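The structure under discussion is supplied below as C-alpha cells; questions concerning it will follow.
Letters are used for the chains, namely A, B, C and D, taken in the order the chains are written, and counting of residues starts over at 1 for each.
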Amino acid sequence: MGITRRNLLRGTAAGIAVAGTGFSTQLLAGQKTVKIGLNIPMTGDYAPWGLPGLYGCNIVANNINAAGGVEIGGETYMIEPVGYDHGYDTEKAITGYNTLRHDDAAMIMMLGGSTVGSIIGRAQRNKMLVSTLLPSDITPDTSNLVAPSESHPLYNCTGVDWLADNFPDAKSAVIVTTNDIEYGQQSAAVYQAAFEARGIEVLDTNFHGFDVTDFAPIVQGLLASKPDIFCMATDVYTTPLIEALYNQGYEGKIISCTLDLYDEVIAKTSKEFVEGIIFQFPDFDDPALQSDDILFPDPSGFWDTFQKDYPGQWSAVAWEYPANLVTWVSAAQAAGSIEPMDVLAAMKANPNPPHVFGTGKWWGKDLYGLDNCVVGRWPVVTMQNGRARIVEFRDVGAWLDKNLDILKRKMQDLGLRTV
Amino acid sequence: MALLEVKNVTKQFGGLTALNDVSFSVEKGEIRGLIGPNGAGKSTMFKNIAGFYTPTKGEVIYDGQNIAGAHPCKVSGMGLVRTFQETTLFDEMSVFENALVGCHMTARSNLFSAIFGSDRQRQKIAAEKTMDVLEFMGLADRKDQLASELPLGSQRALAMAISLNADPKVLLMDEPFAGMNPEETNHMMDLTRKLQDKGITIVLVEHDMKAVMGLCGYLTVLCFGSLLAEGTPEEIRNNEKVIQAYLGGGS
Amino acid sequence: MSIKNLIICIVILAGLVALPHFLAYNFQDLLIFLAVNVLVVVSYRLVTLTGEWSLIHVVMMGVGAYASAMLSKMAGFPFWISMPIAGLTAATIAALLCFPLFRMTQFYFLIGSFAAGEAIRLVWIYFIDPFGGSSGINNLPPPELGDIDFYEPIPYFYMTLIIVTISLFILYRIEKSRVGLTLNAVHWKAPLAESVGVDTWKYRSLALIVGSFFVGIAGALKVHYLGVVTPHQFGIGVMVFVLIWVIVGGYASFVGPIIGVVVLTVFDQGLRASGIVDPAVQPAVYGAVLIASILFMPEGLEGIGKRFFSKSSGENA
Amino acid sequence: MELFLQSIVNSLIQGGFFALWAVGLVLIFGVMGVVNFAHGELVMVGAYTVWLLHAQNDVPFLIAIPVAIIIAMMIGLVMERFLFRPNRTDPLAGLICSIGVLFILQVIAHEVGGTGPAKQVAPPFNQIVEIGESLRIPMQRLFSLGVAIASLGVLWFFLTKTKLGWALRAVALDREASALQGININRISMIAIGVGAAMAGLAGALMAPLQNITPHMGHNVIITAFIVTIVGGVGSLSGAVAAAFIYAAFHTFVTAYFNGTVATICGLLIMVVVLIIKPTGIMGVKVSE
C-alpha cells in the first residue's frame, strides 16, 4: 500500500507527546528564552490546520536552538514555541490568548477566522502581535494582525495564469468549494477573478456544505456542462472529488488549491490520472526550493525531519507557521528587541519583507484596508510522475496590481467584505 | 331548563359508529347515572361531553352554550369538570400541591404577579380554600405527603379533592368505584352525596350497579351506541330491554 | 426564601465578588463564561419543567446573541439596550416556534426542536447578508458605562454577575410561584391539569418563551465579551454540554443544574491544567462521567448532596 | 439524459446507505424506546475497522467487512446490556447514555487513527462498469448497492418469515403485552440492537472506500437517519426503507441539478413539515393513548 508511512503507532505517540509543551531542547542555565505562542486548533475537525504547524515550529526552533539560539539586541535567546489548543472555539481562543499573553509570549500565531475575530480587539489594546494565515482577517482596525507568509487564497491566481499560458485551448471552467466564508468563498472569488482575467468562462460554481458524503452527484452535475477545467477551491474534499472525476472518466484539466494528500489520491485513482494536476503547495524537498532566493531555512532538511518525526501529518500549515516564526526572528533582530510593537514596527518598516518564496511586499490596503499581508512570488506545482513538483514561480503582487478590480467585483458578488 | 343537554350526538371512528344519535338531558342538582354493558359507548359519550372528542354530529349544550368540540381546559373552566377512570394524580407533588392545582381558574397568576408577588392575597385565599377542601375530603393531616405514597382510597379522595377545588357546577365522574372494596365504596358514596348537598350536579359513568342504584335519582342506559332507556333505578331494574341487553351483552 | 437560604445566597455572592481577585488572569475569563452558562442551564430547567426536553435552547441563545450583535454593530445601539432586545427577540422567535413545536410531545418534540434549531443555524450560515455566514459578525463593541473598562474580565464579570443574579432571582420566583406549580402539574399529568382548566399548550409555550428570553440575554452577555458571534458557537455539540450539565447536576431542583455546570467546569479546567489527560481524550472523560452519573446517581450531584445532608442532619437530631 | 441516468444510479446507492443507517435506529427505538444518538458512531466504527484492517494492515476487504459488523454488534450489545437495560423505564436516561458512548467512541477513533487529515481507503474493486455510451458506474459502488439491498432483504425475511422476527415486531408494537405473552424482552432487545448495530457497522464498512473517514463522520449519519426515520414513520421499518430511497433520490437530484446546500435545508424543512402535519410519518401507525 502506498500509505504505509502513515504508521499507526508512531502517529499516535506523536499525538500524545505534544500534549506537554512540545519543547524538548535542553536549556542551559542562565540562557534567555523567548516564547512564541500558537493559539491553534489541535483537536477536532480543524486540527489538521493547527497541529502540523506546532510540529513544524518545534523543528525550526530546535534547529535554531541547536545552533546556539538567536541574537536579538545583544542578548542570545532560545526559541520556545508554546501551543494552546482552542479546538476552533471562540471562547477557548480567548482563554488561550490570555494564557499565552500572561505566559509572556512575544507573538501569538493563529490560524484565522472567527477565532482571530474573538481576540483581535484585545490584542489591539494589549499591544500584542498576532499572526494569521488568512489575510482576509485583516481590517482597517487590526494594525497588530499580520499575515507574513500564507496569502490564502490570493496565490490561486498563479496556477490559473500558468494554466492559461500553457493550455490555451482550455476555455471554460467549473468551480467547486465549501460554503464557508473564510476558506471556500474567498478562494472561489479569487479563482473566478483569475479565470475572468484570462478570458476563461466559469460555467458553474458549486458551494457545498460540510455534510456531503457522496460527491458523485455534485461532480456529475458540474461535468454536465462539459467544462475544459475542473477547479477545486476547497482543501478538505480534494480526495473524494478527484476520485469522483476519475470514476466519470474526466479527461480535462484539474486545478486545485492544495493536494497535500496526493499519495492517497493516487491510491484511489491512478498515477496517470493525477499526472498534470495543477496546485499551489510544493513538497519542501522540491529541487526548486533548494536555492538561495528561498528564505525558508533548509527546506529539504525540514521536510526530512518532519517526515521522520511526524509521518503522515504533513500539510501546508506545517511550513506556514514556522515561516511566520522565521519572519518574526528576522524582524526581532532588526528591531533589536522582542517587544511585540517594536517587532511589528521593524516588520512593517522593511519595504522588501522576507517571504518564503523570495522577498515580497506589504499589501492589502486596497482590498482589506491595511497593508498587513505580504505578497510575493508563489510556486505553481503540478503532479509529475507521482510527485508534486514546482514548474514555475509567479508574482502574486503583479497579478493583484493588474486585476484588483475584477477580484473586488467577484468578492462583492459573493457578499464578501472589501474596502 | 336542563343544565346539561346532549342533543343528537353521533360519533364515528372511520366506518365504525360508536354513538348513534343519542340525546338526554341532566337537571341541576341531580346525580345522573350513565350505564350500559361493555362497548355500549359510555366512555365515548363521556369524552364527547368533556371535550376530549368532537362529536361527528350533534350538540352538547351546557349552561345554554354549545360546548361540543371545545378544548377540555375551556370546558372545565366553565365549571364542567371530569375525573379520571384510574387513579390520576400529580405523583411527584405533595397532597397539598395536588389539591392546590385544582383551583387554577380562580387562583392562576400571570408572570408579573409571579415575579413581584402582587397577588399574594389571592394566593393566600387559594391556600385556605385548598385546606378546606382537604379537610372536607379527610386529607388535611396528610397534606405534606407525596401523592404517590398515599393508600388507594386516599388517592381517590385526593383526585376528588383536585376536581372539587376547581369549583365544578357539574362533576363528570368516570367509574369512581372501580377496584374498590365494599367499605371504600360506601365511603365514596357518602362523599358523593355530600357533594350533591353542596349543590354540585353529578354525572356518573359506572359499572358497579349497586352503587349506581343506591346513588342516582335517574339513569340513562346506552347499548350499542344508542339510547336504550331512561328512568329511575326502579324503572330501569324492571325494564325488559335493559335486562335483555345486560344478559345478552354480558355473556 | 427562608432566612437560612438568604444568608447562604449572600455568602455565595460575597464569595463571587471576591473570587476573581484570587484567580489568574486567564481563569477570570472562565468565570464570565461560567456565570453565563449558569444562566443557560437555569433557564433551560424552566423549559424542562413542563417535561419537554428541547434541543433548541442553545440556538435560542444564538438568536439573542445575533440580535444584540446586529443591533450594536449595524444600528449602533448601546449594549444596555441591545441586550434586553436580545432577550425579547429570542422570546418572540420562541413564541412563533410554539405553534409547530407544541403539536408534538416527547420524542417528536425533541427531534422537532432539533430540526428547527438546525434550520435557524443554516439560515445564519447561508445568508451572508446580514448574518455574516460561517464567520459571523466580528468586532462587537463591549458595553460602555462611565470609565469602566469592559474589555477587562473583572468588570465584565461583575456586570455579568449582576445580570445573572437578577435573572436567577426572577426565574426562582417564577418556579416557586403558582406558575411554577402549574408548570410542574403539566409535566406530571397534562390531562389532569387540563381537567381543572389549565391550558397546557399555553403553559408549555410560556416556559419555552420565558426560558428563551433569559437564554437570549445570556447569549448577548457571552458574545459581547467574545467580540464575535458565529453559528458554530450554538451548535448541537454545545447543546449536548448543556444537557450534560443539567443531568449530571440533577434537574429535579433549582440548584441542581447550577451545581452541575460549576462542578463540571472546575473538573474540566482541573483536568486540562493537570495535564494528566490529553485534551483530545477529554470528551471521553466527559462521556464516562455522563454515563456514570446516569447509572449511579439518577438524581444527579444535587441528589447526592441532599442525601448526604439529610443523613447527617438526621443523625444530629 | 446522461446526468439523469447517473443520478438515478446515485440515488439508489445513497438510498441503500440511508436505509442501512435508518433501519437500525428504527429497530432500536421500536423495541427499546431509546433514541440511540451513538448510532452514527457505530457506522463510524465500521468505517474505521475497514481502514485499520484493510488499508493499514492489508487484511482482505471481504474479511474486514464481517469483522466491522461484529465489532459494531459487540458495541451495540454492550450498550444494551449495561446502559439501555438498566434504564428501560426512562428513555431519556438511555438517550443521554448514548451521548456518552458517542463521545467515547469518537475519542477511541481519534486515538486509533491519530490526528491529521481524514482517512482514506483505496477501493478494492477499482473497475468501472460502462453501460451504453456514457453511463459509468464504479464497481465499488455497485458492490455496495448489492450488499445493502441483499442485507435489507435478509432483514425483511428475518422479520416477516421467522418466529424470532415475529416476536421482535410484537415487542415493537406493544412491549407489555408481549412480555405477558411470555416473550423474553431482554433477549429480543439484544437481537434488535445486535441487528441494528450490525447494519450500521455494515454501512460503515461499505462506505469506507467511498468517502472521507473522520471521527465525526457519524454526525451526518445521525441527522440523515433522523430525517429518514421521521419522514418514514418512527415505528415503521418499511416506511424507513421507503423514505430512505425517496429522500436519497430527492437529495441526489437537487444536488446534481441545483445545489447540495439547498437539498439539506429542504430535507430539514420536509422533516419539520411532516412532524407538524403527521408526526407519525408517512407510513407510521398511530400509537393509541
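Remarks
To be clear about the criterion, a contact is a pair of C-beta atoms (placed from the backbone, for glycine too) under 8 Å apart; a residue touches a chain by one contact, two chains touch by 3 or more.
Here the structure is a predicted model, which means the values were calculated and not measured.
Relative to chain A, the chain whose mean Cα position lies farthest away is B.
Geometrically, the chain at the heart of the complex, using CA-atom means, is C.
In whole angstrom, the spacing between the mean C-alpha positions of chain C and chain D is 33. Centre-to-centre, using mean CA coordinates, chain A is 37 Å away from chain D. With centres set at the average Cα position, the gap from chain B to chain D is 49 Å. Of all residues in chain D, those touching 2 or more other chains are 110-111, 115, 223, 261, 264, listed in ascending order. Along chain C, residues 126, 280 each make contact with two or more other chains. Shared interface positions of chain B, i.e. residues touching 2 or more other chains, are not present. Contact between chains, using the touch rule, shows up for A-C, A-D, B-C, C-D.
Those residues of chain D that touch chain C in the complex are listed here as 29, 35, 82-83, 86-87, 90-93, 96-97, 99-104, 106-108, 110-111, 115, 223, 226-227, 230, 234, 261, 264-265, 268-269, 271-272, 275-276, 279.
Taken together, the chain C residues at the contact with chain D in this complex read 53, 100, 103-104, 107-108, 110-112, 114-116, 118-119, 122, 126, 240, 243-244, 247, 280-281, 283-284, 286-291, 294-295, 298. Within the complex formed with chain A, the chain C residues making contact are 24-26, 29-30, 33, 125-126, 128-129, 132-136, 138-139, 151, 153, 222, 225-228, 230, 232-233, 275, 278-280.
Of all residues in chain C, those touching chain B in their complex are 170, 173-174, 177-182, 184-185, 188-189, 191-200, 206, 210.
Contacts from chain A toward chain C in the complex involve residues 15-16, 19-20, 42-43, 85, 87-91, 94-95, 98-99, 102, 113-114, 117-122, 125, 139, 141, 179-182, 185, 414-416.
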